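Starting off with a structure, shown below.
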């Protein structure tokens, strides 16, 4: 356990708390969806997990990559689709 | 170098989220965030040693295809459940990574690692199952009614305690204790979402979204020793999403005038009237003033249709304020005065003159009706009979034949009244259910005051 | 059809039943129009105007009566005119049942049809034919103007170097169409406005104009009659109401009373004592004068002074604004005519509006109320 | 001092120079007050009211004149009354120089003092003594009311089932105190209001009331005279102005003219042709009537019809609101009295207000203009 | 453990700053921030090895006494210069620390260290000298006029280039090159501030404040290798202050309707009218609507005094809107109608009736004058003569003796008009210069609209 | 040079940028003054600098402590004084 890690964690939490202040309701769903896609960052871990020695671990990683990728690709695409709607007809 | 890539991707996420919360920049924000993700993936692939790139490629392809397929094919109305299920996968991924790490180090890892892994698995799995339940509820596979049983809270608490005990015994019992944690977290996820009503699902999804961020951050803690830079990246992005998701959840609750606790534990309070337009019982769309404000923001030509309700609410000054604000933004605002609006001849004239609305802006039926066709928004304020299309089409209606204001020809019609009650003639108005109609309920004056402040906040 | 427009004969009547605009529209519908000379004089419409619109000008009322298939007028015809009228022809006018009973034989014997502007049902659909509304609105509006003229004070609040002038207080009794118009205009002019009515629904309407509603406590639907009209109220209610008005009226500078009950004498709301309790220099405008008045002292069509209080009983206020009054009345009349004599299904007595406004159909009484009156008369 | 209040003798005059409130205040200042019987009748003030306030009631005007040291009145006294008046006494009234010239010998011979309400300087300080303002304000206000009564139309815009009624157009000529009041009230009533004046400063004031200012292009200070009053303008300006009014007036429903130049006949702004160009049913209210009128056809104190246009030349509009008019006038008068007869330095002719309003001081002419007139008369 | 203390102190600073930017929490924010500082100092003292605690204690005592003395003794009006000089000391401290580190490692430190030290010394010294110049200007020791000479910008650029060259040669020439940097940075600080006018000083101080944060952060980079946790703490806090100071500077510039670049390089543009109330040439205080809004926020009883200007601006509806907003906040609002306000009898009545302001709220002179004494704010809208106290006191004034509205009796008087021009009577109004008077210039309608939106933003 | 240091730096900058959004003008000076006091955090470095071997370095540290302390103490106190004024009379 490293103090810098915790520091980074806390600072990131602060940034997270502060960047979202006022969001018009129409953006609630897109924002949720977009930030949801970002939480697919777990893909980093998933990719690295595939190198784990044991077979099970590797396969877990494999599935994790699929899961995370669904989250990332689906998330960003669906967000974009929603946001496209707001353009003036 | 790779470290820097992670840093850049984190910055992309920060900016992406920031931009996503403003209507004008939202779309670019999403693109920037996805760019950040791309950078992170590239960094990881070049960082990893001994990676089976083919396998990873296949997995990514599968995931991308599934995600992309659903994202493009699913209907607009089903978006919320889609977001829910995507979110579940994200949480699942975190849990899987943490599990895989557990398998690597086994039971005799450091305390810090065990705690991290436990939390990651706990939150990740909970997100996974919870999201699936949310999906089921929204998709109608599971009853949207809150499902409760006596002692539910206590049971949940017991579950949590059991899990932490299991975590405590990991060093002793190893993998078995771990299994218990996985299973119980999954159960907890289900139990947490099941008692929440359908109308509150958006809030729940937002909360679960925040959880999936937390899970990712926890996974970061798991990884940070073996892969410091990737771990840090996960921590930053995960906590970013976790925190901002929490704020968003709070904002959403505030918008519904409820506390988060009330949403989560308030199942006994019963359903609130479906106010987000997803309810299928009534085929009207009820919007908040904030949403209405967004629509006005995009409009250029606006026609105000005052009715008796405006007079009852004594909202003549409020409407002028809103109109003046919109005019200052360069929009055109006209008033459509129906000859029999109100309860006496010239009622609307008396009303609007009092608010000093210039005579030039007032248009009578014949002048204004052709204008609706190229108007972006018609806002109907406490009028009912005078905009009832039944007068044109329904031979059996008592008002059949009366000339009406053709508000339905406008691109969007925003209708403000307090309830779904009828007007003077006592007939229902099918306009309210039209495709391009939006209801904003409330007293006209209150609503206009709120609308104005929302317009100013955009 | 040949449509005839007469010069009105009633005292103080300056309106005319059709304006040149309406004449034009009638001609567009393939009717021809005959107009009595100087029929529009009171409303400042010259004979040329009518000619330009396409009407034929006739010298006398007799000529018009003998030529026209259907006669438009504001007031019912004089007995002389009735004598000249063609058999089977139709008259559209502001008929009052109690006035027409006298002449009923003239109507039935000649197989006349009577379409009454005062009996157009008050439905949403009929609003553009509702001359009662358009003329009451004028009366209510004008009542405040003459009220402001009568009183010896300012209407609005003024804070000046020579002292503060308190706003005039205006009480409106009966908040129907005329009452609401009076409220609206009195508010505009800066007065403090109070209103009273037996129908509790009116409260919201009064408040929607920014005035205060003076309320009698009672079961809520006491005074509500059919079709949005009022009905007579119980004795107990009357007492409460009397006290309320008594308390209120003594501070008032203008009282405008419009309370009516269909086909009944107007309720007496203001008795002599109440008048005496008012401040000298105040005024009562009694728009119910023609039905006996809401004030005990009202004399119809006269402006009297009682104890330094002006009591204005002029029943012809719409006629004092002949320009707009004729315009609105003739538009209403034209709309009704177009509705009844439409191409697809003319004179359809199934139709609510046609049926409602048809007092007598080719000599046959078509109105229940009229029939009842006749029956009573005969017995 | 003994202060005398007379019953006004002039036709149509209903005001009284002191209300019971003012009487009370005078008595508080240790004066005594004698009031002619029924002096307050026109303003609905009974003799009892005066008595209650502490005044002594006297039976005849003669009694009052012979007892009072200072007489308050609205209009200057009749020659009979003047005969009865005590030597060395003072009269406070609305004196007009040109009217007083006839009686100048009565004043000087008896060593009378004349304090003129019409000559109180228009300074900020004197505003609470400025009866010209308070009474003009009434006139302007009332002019719109009677205008609205005269015309045969609605004032405001109304969109009704029977058609849309366009708002009346009102033109105000001369935007002094009366003109501004007329603008304000016409705006309130919902009309479209236009105003014209020779003094360009007025533009901002007109616009501050929400009306449109009709402008003659010219050098900016053409019509600006002394003390905020207007002066006569050049021929060229007059021509331009004439055309402008001509163009404007034909669309107007009400014209209210208030243009005055101190001690000169009122400028003729509306000639016969212009009147003829107006719509039948319109009205002209000429508040300058007493000075000859701004309209060629105006007859002072009469309401005439010309070519279906009402021309109202009543000069006594304030008297039609005797209640408020008396209240304001007597307050103004009292304020002036208090200013001139203050304890510290009474009758100080150094003081701008005292000096300005003192027409004749104990038989000596104290007003330049009056002196000039007299000199002209004598030569 | 000590690491945690630093983290806590950083969190204190973050919260402290956040709270400082809201009126209601500002004071507590300051306390929390100072608590953070205490924690940081304790942590450092327990962290350091070989500390001469006595010496440190003496130094701290000296500093505390000097700082405390000036902070308590100096007059309120001299606050800005005090802040400037304190800020200079902060910058100086950073520069000294960096220098001391340089002396420790000498010229042969790592590249990273040399860069860090150079930047730290550069920014720190510049802040020191710049702040002193700012102090001098505000205190009137140096001309508040912008002092410029031809080619100033170019000269400054040359200075900067020389310094970086010197930094580059540190490994070669060692301490001498370092001296050059110190001296030139000092010079640069002077030259950067000298050309800026007195009215812009607050912005400059804010900018220098941001610099001192940056200097601290750079010092953190210098320290981070030898003292990682202390270094990190410096980096976090320094960059926090640097960034937030930058934002604050920007906000202040925006408030003055100027860009930062314009403030710094705009010396040629000359002085703007002293709009922050520090100017001594005129003895009126001109406030922005935002500041006026703050005053209203704290008030409970408000009296509106309309005058002719309100009518000219046709601001009757705007004033009602503001009043209604204040009433909704639970405040009492009354209107004081002077009998001769405006240009015709009853002008204000006509005006306010049009805006539908209820008759009950209108009070005439006699009713309202006693009320001013316990009223928090009297706002005078385009009135002048009717509130001129000369009518009470100045026998020579043409309006002497006229009863006026005693607005000067109110706790605060806010006066809105467009210029310092006189009213109808043509006399100057001494009220405008009263201790409790505040001017808010502008057209009444524009000003009220702006005020309303500022009120809503509080 | 460490990447985590830079990360921390950048995150802290973000937090700094985000926490200040809207500040009413009356708070400009107090906020400036308060954050100025925080920049006296250099005192940490100053304290540690006093341990530097060489005499000059130590004395530099000594002066630095004084300077920083003036900034810190003076800054917080003057801010508090300013803020006290805002209380309702």
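Chains: A, B, C, D, E and F, in written order; residue numbering restarts at 1 for each.
As a working rule, contacts are C-beta pairs under 8 Å (C-beta built on N, C-alpha and C of every residue); 3 or more make two chains touch, one makes a residue touch a chain.
All of these numbers come straight from a predicted model, not from anything done at the bench.
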Interchain contact steps from chain C to chain F (minimum; 1 if touching): 2
Set of chains whose contacts include both chain E and chain B: A, C, D, F
Path length in the contact graph (chain B to chain F, fewest steps): 1
Classification of the chain A:chain F interface as same or different, half of numbers criterion: same
Label of the chain whose CA centroid is most distant from the centroid of chain D: A
Higher-contact pair (C-beta pairs counted), A-B versus A-E: A-B
For chain A paired with chain C, centre-to-centre distance based on mean C-alpha positions, whole Å: 74
Chain centre separation (chain B, chain C; CA means) in Å: 57
Length of the line joining the C-alpha centres of chain A and chain D, rounded to whole Å: 82
Distance from chain F to chain E - Cα centre to Cα centre, in angstrom: 17
Chain E: positions in contact with at least two other chains: 10, 14, 232, 236, 339-340, 345-346, 350, 353-354, 356
Shared interface positions of chain C, touching two or more other chains: 127-128, 133-134, 137, 156, 158, 160-163, 165, 188, 190, 210
Multi-chain contact sites of chain F, meaning residues that touch two or more partners: 4, 7-8, 11-12, 14-15, 19, 21
Overall pattern in which the protein chains touch one another (line/ring/star/complete/other): other
Those chain pairs that satisfy the touch definition: A-B, A-E, A-F, B-C, B-D, B-E, B-F, C-D, C-E, D-E, E-F
Chain D partner contacts - residues on chain B that touch it in the complex: 337-340, 345-346, 348-350, 353, 356, 359, 362, 364-365
Partner chain D, residues of chain C touching it in the complex: 14, 43-44, 127-128, 130-131, 133-134, 137-138, 141-142, 145-146, 148-149, 151-154, 156, 158, 160-163, 165, 185, 188-190, 279-281, 308, 320-324, 327-329, 331-332, 335
Chain F-touching residues of chain A, taken from the complex the two chains share: 4, 7-8, 11-12, 14-15, 18-19, 21
In the complex with chain D, residue positions of chain E that touch it: 308, 311-312, 314, 339-340, 342-347, 350-351, 353-354, 385, 398-402, 424-425
Chain B to chain E touching residues, read off their complex: 317, 320-321, 354-356, 453, 456
